[in-house]
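Below, subunit A partners subunit B and then partners subunit C, in two separate complexes.
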Partner chain A sequence: MFWKSTYNEFIKIAAKPRSYIGLGAITLLIGIVLFALKMDGLTYISFITAPFEQSLSFEGNLLNGNTMAFIILQMLIIHIPLLVALVTGDLVSGEAAMGTIRLLLTKPISRSSVLFSKYLAGCAYTFIIIVWLAVLALGVSKVIFGTGDLMVLNSDGLVILQQTDVLWRFVSGFAVAFLALVTVATLSLTFSCFSENSIGPIVSTMAVIILFTIIGTLDVPIFDRIRPLLFTTHMAAWRSFFEDPLPIKEIVNSLVVLVVHCVVLLAIAVYKFKHKDILS
Partner chain B sequence: MPDNPEKIIEVKHLAKNFGKFVAVEDVSFDVFRGDVFGFLGPNGAGKSTTIRTLLSLIKPSKGDIKLFGKHLGENRNYILRRIGSIVEKPDFYKYLTAEQNLKIFARISGATVSNSQIHEMIEFVGLKGREKDKLSGFSHGMKQRLGIAQALIHDPDLIILDEPTTGLDPQGIIDIRNLILQLKNERNKTVLLSSHILSEIELIANRMVIINKGKSLVQGNVIDLLNARELLVTIQVDSTEKAIQILNNSRMNLVIDSYDANILQLQISQESIPAVNKLLCENGIQVFSIEGKRKLEDYFLKLTHV
Partner chain C sequence: MKLRKSLFFILLFSLLSSFSFLIQTQSPNTIINGVYKKMMKAKDYSVQATIKVDLPFIRMMPVEAQIYFKQKDKFRVISKGIAIIPRQGFDQLTRMLKDTTSFTAVNSGSEIIGNASTTIISVIPSADTSDLILGKLWIDIKQNIVLKSQLTTKSNGTILTEYTYGTQVEYGLPDNMVFTVDVKKFKIPKSVAADINNSKKADSKADKKKGKIYIKLYNYKVNKGIPDDIFKK
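Right, the complex of A and B next:
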């Protein structure tokens, strides 16, 4: 019954027009970024290389697909949570708003199975979003700009990664980005269990992300203790895969924090959904 | 009905509070196999809350619910597999077609439902030719028909219909009424029917419970309950003034309910009608017609306006 319910959830997500907003927005945004960089990318790259030009000489194709993918990932990963929450925040509350939850929960399937079905479908949707992002950011960029070494500017300085050493880093980076987005999906699903309309969970999810991000970036000692515990602090963990050497301990720590968030939020969602009186 | 009919639903002292608000205070009733059971009560009486509790949409605060002889709390999935229901409005996924909606709910109904069964059911409820249309273009009546289809698709033993005729046109109401009778007579289903249209219950239910302010007031066989009290008898005469005088001077136990120039309404037992007729005729009153009725509406209003 669980798999039949999950299949139902896939059909619902696939049939909802709002599910395509995310894919459309990513396509449009990446299209605009690639077009702009194709037209005037060297100026953009010079912002990165300028501070080092007195001590280093740069050769080869600096404006390549790998660099484009990194730039795009850095730009969009902050905004994609909204596109994910647009669908996952609607999974339970959308049924309540439509009234279909009455029919759904009078069927012989446990409430926790219904919720896990929705969660699994939400994770699958998030996966599709990430894969689409990867295809456009990495695949299409390489077709347009060709390949080359990746130049990354981070807090420690400039890191240059050989093109043969980049693909596994992107795959790992996208995998961690997926986990970060699954955390966002879990948060919005949890809010969704408390709400009777779709807007509330989506807005609440974004409000939490904005609040936590502000707390994470404010250099105030009072937040030092809680900053490492906020999931938003670890949403940029994908970037660690583009450091040399790899900060394994930091990556593992980020993975643990994100997974713990998913488990705790899901437990709250299950408890609420199982004990909820359906009054809509 | 057999001597020991199987109880399909047993509700004992059901109560449900939402904080301080008492939605259901003390509701008890039994539904037997093959019943079309009327669940009657004014708005806010607690009908929908009770029905939602039977379907495990709401957890009761107190009381005991058994369906098919098993406790609802411990046997939820077993019980729900044997129930088909519509709770209030028939809401579906607007972005899916009628057929897709039916398949979605059939898939998790606990039964294996083939495509041909889906199409048969669509035809049964009169939606053939519209199965590929999205629900966004469906009228309320069409959604109600689809609601019936999803309630029946897995061939349940018990069908719970909460206000199934709300918002339907007269033809739609007749269609639903005929469908319920068809389910009882041809498919031997048990039906729990909540409705605010009292005449509907009177026409199709064989047993009923009346609830008000969260309490069940009376339950039993519809005909027995209606005949248990005095009838409201309407008599058309040539002069109500004379007729009232004659009736008041007689030693008959009757109550004059209302009157105008030619119409007189009395509350009397069915057995007293011939005697009243005889009395009026013997005293020179021309009696044009006598009509005795115990409408459920009167009975219902009397009970719920105490």
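Right, the complex of A and C next:
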């Protein structure tokens, strides 16, 4: 019954036009970025190499699919939470707004199972978004630009990773990015349990992400203690897979923080959904 | 008989002394010409290279590359991956030495490098517009090879290069080159690098301003002919 309910929830997501906004937006954005980089990518790349160009010369295929994929990920991963929240923020509140939640909860399945079904369907949607992003960013980039070593510009220097050493980093990076987006999905689902309309949870989720990101970016000592606890700080953990040596401790720490956020938020959502008044 | 023997030794000694004096008193331009002529023996060459980079602010694994050179100034590095080489690379020295009228060469003393005795020649450009500010060459005049060079240019700063020779010493082509380059202190805003969550404290290595590039050269193919197409990017 649980899996059937999950399947039904996924069908509901698939039937909503807004679910395709995310996929369409990613396709359009990546298409524009790839076109621009194909036309004038070397100018963009020279921005990365410029600090070293006075005394050093870079040889080889600088404008390659791996570097393009990293640039695209870096650009888009900040905006994708909005596309996820657009769907997952509507999972409970959308039903409440339409009045279908009463009918849904008459099914012979517990309230927690209904919520978990919705949550799993939301995670599946997030997974599809990430896979689509990977296919376009990595697959199409490689077809257009070919393969090559990956250049990563960090705030403290340049890391050049050999092409044979890159695929596993991308796979791990996408996996961590998926977990980060699942955290956003959990947050919006939790907000969704508190709301009777769709806009509230979506806007609240984005407001929290923006607020936490600003706190995380500000180099003010007062935020030093809070910053490691914010999930937005760890949403960029995917980037750690492109460092050399690999900061394993930091990656594990980020994974723990994200998982704890998911568990706590989901527990709040379950509690609220179980006690939700669906009669008024 | 004893007198003849003594006379022979005196004559030999005076000959050797005058030869050594001749070597020591070669003009700087003659020494540079000797080196340049040796370099010119290689009309073209291709060589495999292993490039290892030890620079502050850059982390990368050693890279394999193929290097092509053809007189007078055609030069190309082909690498499957991304290779980093000094801007004043392999052909800078040849280009500098080819016109002895464009600079004034001054003998600046001598120095022992490894087992070889070298003469230090300072090269000062004649024209104010020249990119070169000062060149310093440590030349083994017995073999007409440069063992160390230090070139300071307006555009690329100072690069110190140490050369080790082996199989292709007859062409003046090294087996190993070690470049010491100046690297500007590198710091870009986290937001520009989109590395907003990096809270790591700066690496002590990041304070270094000098870095080294090690290039090992092997499988030389000298004067076998290289088509011009290879030099087209």
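Worth pointing out:
Rule of thumb we're sticking to: the second predicted complex is superposed on the first by the 277 of 280 C-alpha atoms of A that agree within 3 Å, B and C clash if a C-alpha of one lies under 4 Å from a C-alpha of the other, contacts with A are read in each partner's own complex, and residues count from 1 in each chain.
The criterion applied here is as follows: a residue touches a chain if its C-beta (ideal position, glycine included) is under 8 Å from a C-beta of that chain, and two chains touch if they have at least 3 such contacts.
The model shown is predicted, which means the values in this text are computed figures rather than measured ones.
A count of residues in subunit A touched by subunit B and by subunit C gives the higher number to C. When both complexes are overlaid on chain A, the residue A:Asp277 reaches subunit B alone and has no touch with subunit C.
Judged by the touch definition given at the top, the superposed model places A:Gly148 against subunit C, while subunit B stays out of reach.
Of the two partner chains placed by superposition, only subunit C is touched by A:Asp156; subunit B is not. In the superposition on chain A, A:Ser172 contacts neither subunit B nor subunit C. In the overlay built on the shared chain, the residue A:Lys4 is in contact with subunit B alone; subunit C does not reach it. Across the complex, subunit A meets subunit B through its residues 1, 4-5, 7-8, 11-12, 15-17, 98-100, 102-110, 275, 277-279.
Residues 51-62, 74-75, 148-149, 151, 153-163, 165, 213, 216-217, 227, 233-237, 239, 244, 247 of subunit A are the ones touching subunit C in the complex. Listing the residues of subunit C that touch subunit A in their complex gives 55-61, 63, 65, 77-89, 155-157, 159, 181-184, 186-200, 202-203, 206.
Within the complex formed with subunit A, the subunit B residues making contact are 18, 52, 55-59, 76-81, 83, 85, 87-89, 91-96, 100, 104-105, 107-110, 150.
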